[in-house]
Every structure is written in C-alpha cells, then in structure tokens.
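Given below, in the form of structure tokens, are the structures.
The same chain A turns up in both complexes below, where it pairs with chain B and then with chain C.
After this line comes the complex of A and B, so read on.
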C-alpha cells in the first residue's frame, strides 16, 4: 500500500497516516440504543446505554461528534503511564519504549474530539508532546550512525508517524551512502591507503549477492 | 550513462572539465578561446563540458585532468572540517561529478574522498534539517551541494508537513461545487 497524495515517491502524508490510525480499536460507552453495525471491516455493537463496547476509532469519533457516546481513553493515555514512559525514554538514550504504533495520531484525534473524556487533558497533552520530542531526538542520534554501505537502519519500537517523518530523508541518505561506498568507487583506493589513512580504514564489505 | 530524462544528470554533464588534446583537431577552433586558427593544436589545454570530454576521451583524442574541486587544497580543507567547506561554490554537483570523473582520470582516491566528505557532512545536514529554524537555513544552505540540498529539503518538508498536520487546520476539505447554493432559476 502506497500513499496516494504523492505518487512520485510513494510516501504517506501525515493525513494518510492518521487515516490508517483510525482503524485502531477503542472502547466507547454509548448513551443510545442501536442495533449492531455489520460493516465490511467487522461487526460492531450492539450499542446499549452504559454498556461499553469496542469500535474502530473512526466510528468512535463519528459517534462522539454526534454526542452519542463517551470515549474511554486507552490505558496508556493516562498521566501515570505517560510519566513512566517519559522517564524511561529519558533514561535510555538508545532504546525506545514500546508505545502503541499509532500513539501520535490516536492522541491527537482524542485531544481534538474527546477532550472532555480525558482526565487531566493538559497534563496528558504536554506529556505526549514531551515523549514525542524526546523520541525524535533519539531518532536523530540513531540516524547519525549510518555509515558506509548500510542496507537498512534498525531501530526498534518506532511509531508510524515517527517513521513517516524521517522516511524521505533516510531513503535518500541510504541511497547516497550506497552509491558513494560502492566497491567500484572505493576498493581501488585501498592500494593508496597509506596516503589518506583516516579515510581508508574500512570494515570489510559484504558484496550483495544478486 | 545516467538517466536520460534526469535533469540533474544533464546538468552534471554540463560541468566544465579541463582536458589536454592528444591530437590536433581541425575545424574546432571554437572550443579553444586562445586558438588563432580553426585548429586546436596537440597538447593545448581546453575547458570542455563533461559530456564532450567524455566522448573525446573514449576516442582517445583528449586526456582529462582532475577538476579543480578535487585538488589538494580542497582535500585538505575537507579533512580539516568537511562540514564548513563551501562545496556548492566549487562544484554544485561535487559528488555526482566525482563519481563520473573518477574512472576517466584514473585517480583512485576520489572515491574515498567523496565518501569521507559525505559521511562527515551528512551528520550536519541531519541535525540542521530537522531542528534549525527556517530563518537560519539560507546561510547554511549556501554550502551544500545539490545532492545535500535535496537531502536537506526532503527532511525539512516532511517535518513541516507533520507540523502542519499537528497544528490542525481544515480537517475536512469540501469539494468546491458542494458549497454553492442553487439559485432558483437553475
């Protein structure tokens, strides 16, 4: 699946990533009575007043906008959990905490549409913002380590939006490294290594099998 | 040869490189501004665009010199502090031209020089692209080669797109026809 907004680079726009995040399930408490919805993506409901049920985020937001339900914020979107996560993020400069894959988008949708359902919304909002900033800084630190003929960068527990932001940059950077560190350009220079010692100390390269 | 329709590839090949004619060439005095007749003498030094130099080199009519942007002075500057070297001024297509010219001139250190320069300048681009304010950018941008500028802009535009999304704005876009009221006489 490729992004539709920019056919040239097959990139996703932030709105497209948000669209995908809307398929995540979330718990709502309806205040009306409605038969089950039988949709292509699954069956949801039945909707009974005060009986919690699981629906996709887009449906939750649609019902919320009509005042037909309250949304129960997910467990991770609470002051305690976020404070814990933020501290853990700050403590380990390399490792990322396992947050939901779409945490940026989900939190933004909930802040926009269900602000009255989230306790301590200002605190929660600034915590999410802090976590995002800390994590993004860590991504940059991780990316600084791209060297030579890398085929990929491995960073665990990145979220969808974070990957999406760095994608155009990383793709280009990897292509450039791949080109400049190609064996045709470099291997010849090993014979003259003594002239430029600080340039030529290469780890042995693996040749990609075709 | 590169990609036929790639405008950058065409522009790279427009870069001038200095060559020495190995043979006297008749009727092409226009190439050599110092020539008094229409003949380019053997051994005369002429600046030619890369695409012409390349073809003539294949026919062994000329020998290609290492362009000025890969000379010892630039190399020393790159070794001292690669991030501050004004590569754009020297050659906007520093890396691409280097890749193309290395096999022609038979200088085996160019590949390593390019990699070293890119490696050390890449970090600077990475850090500045995501964090620097737009007002700071122009000064820094003047140092970057074309390839680095592309990299920088890729990072900056995706960051800007994310910020735009986060700030909100029109979440639903209406088609222009939907908003219009129908007039009774329609």
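After this line comes the complex of A and C, so read on.
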C-alpha cells in the first residue's frame, strides 16, 4: 500500500550509534606529557606520565593509536563480571541484565584498538559474543509475543545497538497493529454501501520514480 | 557521562542538578540531533544553541589555525581538529535532517503553525521550494489535466480538504526513555490501559501520545 511513510531519515546507522558511544568516558594512562585540551565537547587533562585520567572514548582511541597511552578497560569488561552477566542472562528469559548502554560499541572499539590492554582478551571477546547472542535471542522471543492492542511496549535494559537493530521492525509492526485496531478503519469497511467520498489521510505517497 | 546508565537511586537530585549545569553545548546539540532524527514532524529550531555552536566552531577553527602556524605539536592539533570534525558533523546532520523534513512536508508546513518552528533561512528555503515545485507541477502536469483536477492541494474540486498535501505521521512509534518516574499516563482517548513511565525503562509508544513530554524535555527519544 502506498501509505508507508519513508522512515529512512529516522534510522540511525551503525556508524552513528558508534559515534554516540564514542562520547562515553573511559580511563587512560598516558605515557607522555601534554597540556590540557580545551575542546568544544569539554576540557580534559593535563596529561602526565603514569597518572590516570578520564577522557571520551574517541580521544582515548586516538591517543592509543599513536602509542601515547594505555587504556584501562572498564570494570564490566572483565572475565569475572562478564561470566556473571552471561549466566544471569541465561537464567532469566524475560529480564535483561543491566549492561552499559553502549556495551557493544565500547567493547568493539576496545577490541579493535586496545587488544593489549585487555587481559584474557580471547575469553572476554567470546563472552561478549555469547552475551550478545543470548540477549538478541531473548529480544526475538519477546517480540514474537507482542500482540494486537499493544499500544506501548516496555523493555528494560536494552542497549543502544540492540535498540537500533530492532527499531525498524518494531516500529512498523506496532504501526500495523495500531492501524488495524483503530476504530476508524473498522468503521469505513461498514459503509461501502453508502459510497462516502474518500477520507483524506494525508499520508505521504510513496515516491515512484527510480 | 550524560548517556551512561546510573546505578543506585541515592542522590538522583544532585546528579541531575550537576549534569544540568555541566551540560555542554555539544551535548545539547547531540540531544537536539537525536530528537530531530527520531521525531516524525519538524521540531522547534534551536536558534540560540545553533548560534552559540557556530561561534564556538568559528573560534576553534581560528585557534587551530594559530596552533598550526605557531608550531604546537601536530598531535594536539589533530586532536583539536577531530573534536571540531565531530561537532561540525552534528551540526550539519541536524540541519540536513530538518531540510529533508521541510522538503518532504513543505506545503503542510506553510499551511500550519509548524512554520514558526523554522529558522529564517529555513523559511526562505521552504517558500522558494514550494514556489518552484508549484510552478513545475503547474507547467508540466496540472495545466493539462481536465478542469476540476487542476489544484495542487486537492485531488479534485470534490475534495473537502487539501488531500494532496502530505502530513507528517504523528502516529509513528518512537523509542524513548525518561530520566525520572513520570507516573501513569493515559495514552490516548480510545481507552486502553494507562502506561506507567518509569525512569530508565525503554518505552515504545506513539509519538503523538508523548509529544508534550518531549517538548518539555522530560522524555528523551532514543
């Protein structure tokens, strides 16, 4: 039907989600001296050798890539904590563990650029993979259960990347439910005998060119 | 810091106050960008914010130029440039999304008070766009249609409303999060269970139902 509005500008690309994740703060240990940085997004530093300091993730990665610091992995990114989280995820089919909102993007960036700063990286990486899989599977199951009359959906503790992946489907599904549930629709189909003029729906028509 | 999840319920008031006074303009711009992306209709133009950001960017560009000339080490220069790039991206993307919405809904915007949400330059753009589009359609198609079907706005003279004008779909579902408990909420007048909006929960709701909350800043679109 030509009534679907074009959602493309309302979707975040994976890069944009990562862009937002890059503003999360993380701890680094510089190995050189540098003056404080007065950036548009905030003031950071001064940078002194061996003195830990907090900076946004994008800055940490930039410094790391030039060999100017080591990155301290966040507390939750450890074999211990992740194993706990994985077990908890597996135990409860309806509840999502409270992980950092950007855990997917943060772990990805650190795996790519700060391998040597993460102890037991192979273990950590496979744990994060497993957690992602278990959670995603849970999302699929929970979504299957959305029925009609669902005018609102509540989920706790979903992460940014998961929200973004699920968004297009959920939005369209709920939209379809809402439309088919709406009393106007039901009303219209009853009056074919009366030949009412077509109700204006003001929906942007689908672009046919190309 | 602003988008991280906060553990522990104690001191929430203090956290909010602190985050309020230390929110940078870049954070505010990021929020405006996210909201503009997620909302189906065009939102109020953040004129003062954009103006401040523009000035800060201008200052920063000049500072970076000075740095480059005065021989400050290239690492520092490149970090400043990265920060500049990030902010410029946000600003440009924000403006582009708005332009996209204007192009899509231009006639509707001209007709309603959404017009007031546009900046001066956007208004000029919208006006010119509509004029150009109108003229083009007139010349290429509408003038050759039979009488009674020549209008840009109506399908035919029998239409009661301007049904050729596309409107933003306010019924679109959006994903949102509130920072505080907002109590139970009646979603719409067709009955249905009122919904409780708790802090930190992700909700997927119709945009129309929560429009006033978004505008007052109590709910964040994700």
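Quick notes on this structure:
Throughout what follows, the second predicted complex is superposed on the first by the 174 of 210 C-alpha atoms of A that agree within 3 Å, B and C clash if a C-alpha of one lies under 4 Å from a C-alpha of the other, contacts with A are read in each partner's own complex, and residues count from 1 in each chain.
Definition applied: a contact is a pair of C-beta atoms (placed from the backbone, for glycine too) under 8 Å apart; a residue touches a chain by one contact, two chains touch by 3 or more.
Keep in mind that this is a model prediction, so the values were computed, not measured.
Shared-chain residue A:154: touches chain C; no touch with chain B. When the two structures are aligned on the shared chain, A:112 is found in touch with chain B, with no touch to chain C. By the touch criterion defined above, A:98 reaches chain C but does not reach chain B. Once the two complexes are laid over each other on the shared chain, residue contacts for A:13 go to chain B alone; chain C is not touched. In the superposition on chain A, A:174 makes contact with chain C only, not with chain B.
In the superposed model, C is the one of chain B and chain C that contacts more residues of chain A. Contacts of A:136 after superposition: chain B is touched, whereas chain C is not reached.
Contacts of A:39 after superposition: chain C is touched, whereas chain B is not reached.
Chain A residues 167, 171, 198, 200 lie at the interface with chain B in one structure and with chain C in the other. Within the complex, the chain C residues that touch chain A are 1-5, 7, 24-27, 30, 34, 37-40, 53, 56-57, 60, 75-76, 78-80, 82-84, 86-87, 89, 97, 100-101, 104-105, 108, 158-163, 165-169, 171-175, 187-188, 190, 192-193, 195, 200-206, 222. Interface residues of chain A, counted against chain C in their complex, comprise 5-7, 9-10, 12, 19-20, 23-25, 34-35, 37, 39-42, 58-59, 62-63, 66, 68, 98, 100-102, 149, 151-158, 160, 163, 167, 170-171, 174-175, 178, 182-183, 197-198, 200-205.
Those residues of chain A that touch chain B in the shared complex are 11, 13-15, 18, 108, 112, 136, 140, 143-144, 146-148, 161, 164-169, 171-173, 176-177, 179-181, 184-186, 188-189, 191-192, 195-196, 198-200.
Of all residues in chain B, only 79, 95, 99, 102, 108-116, 118-119, 122-123, 126-127, 129-130, 147, 150-151, 154-155, 157-159, 161-162, 164-166, 168, 171 touch chain A in the complex they form.
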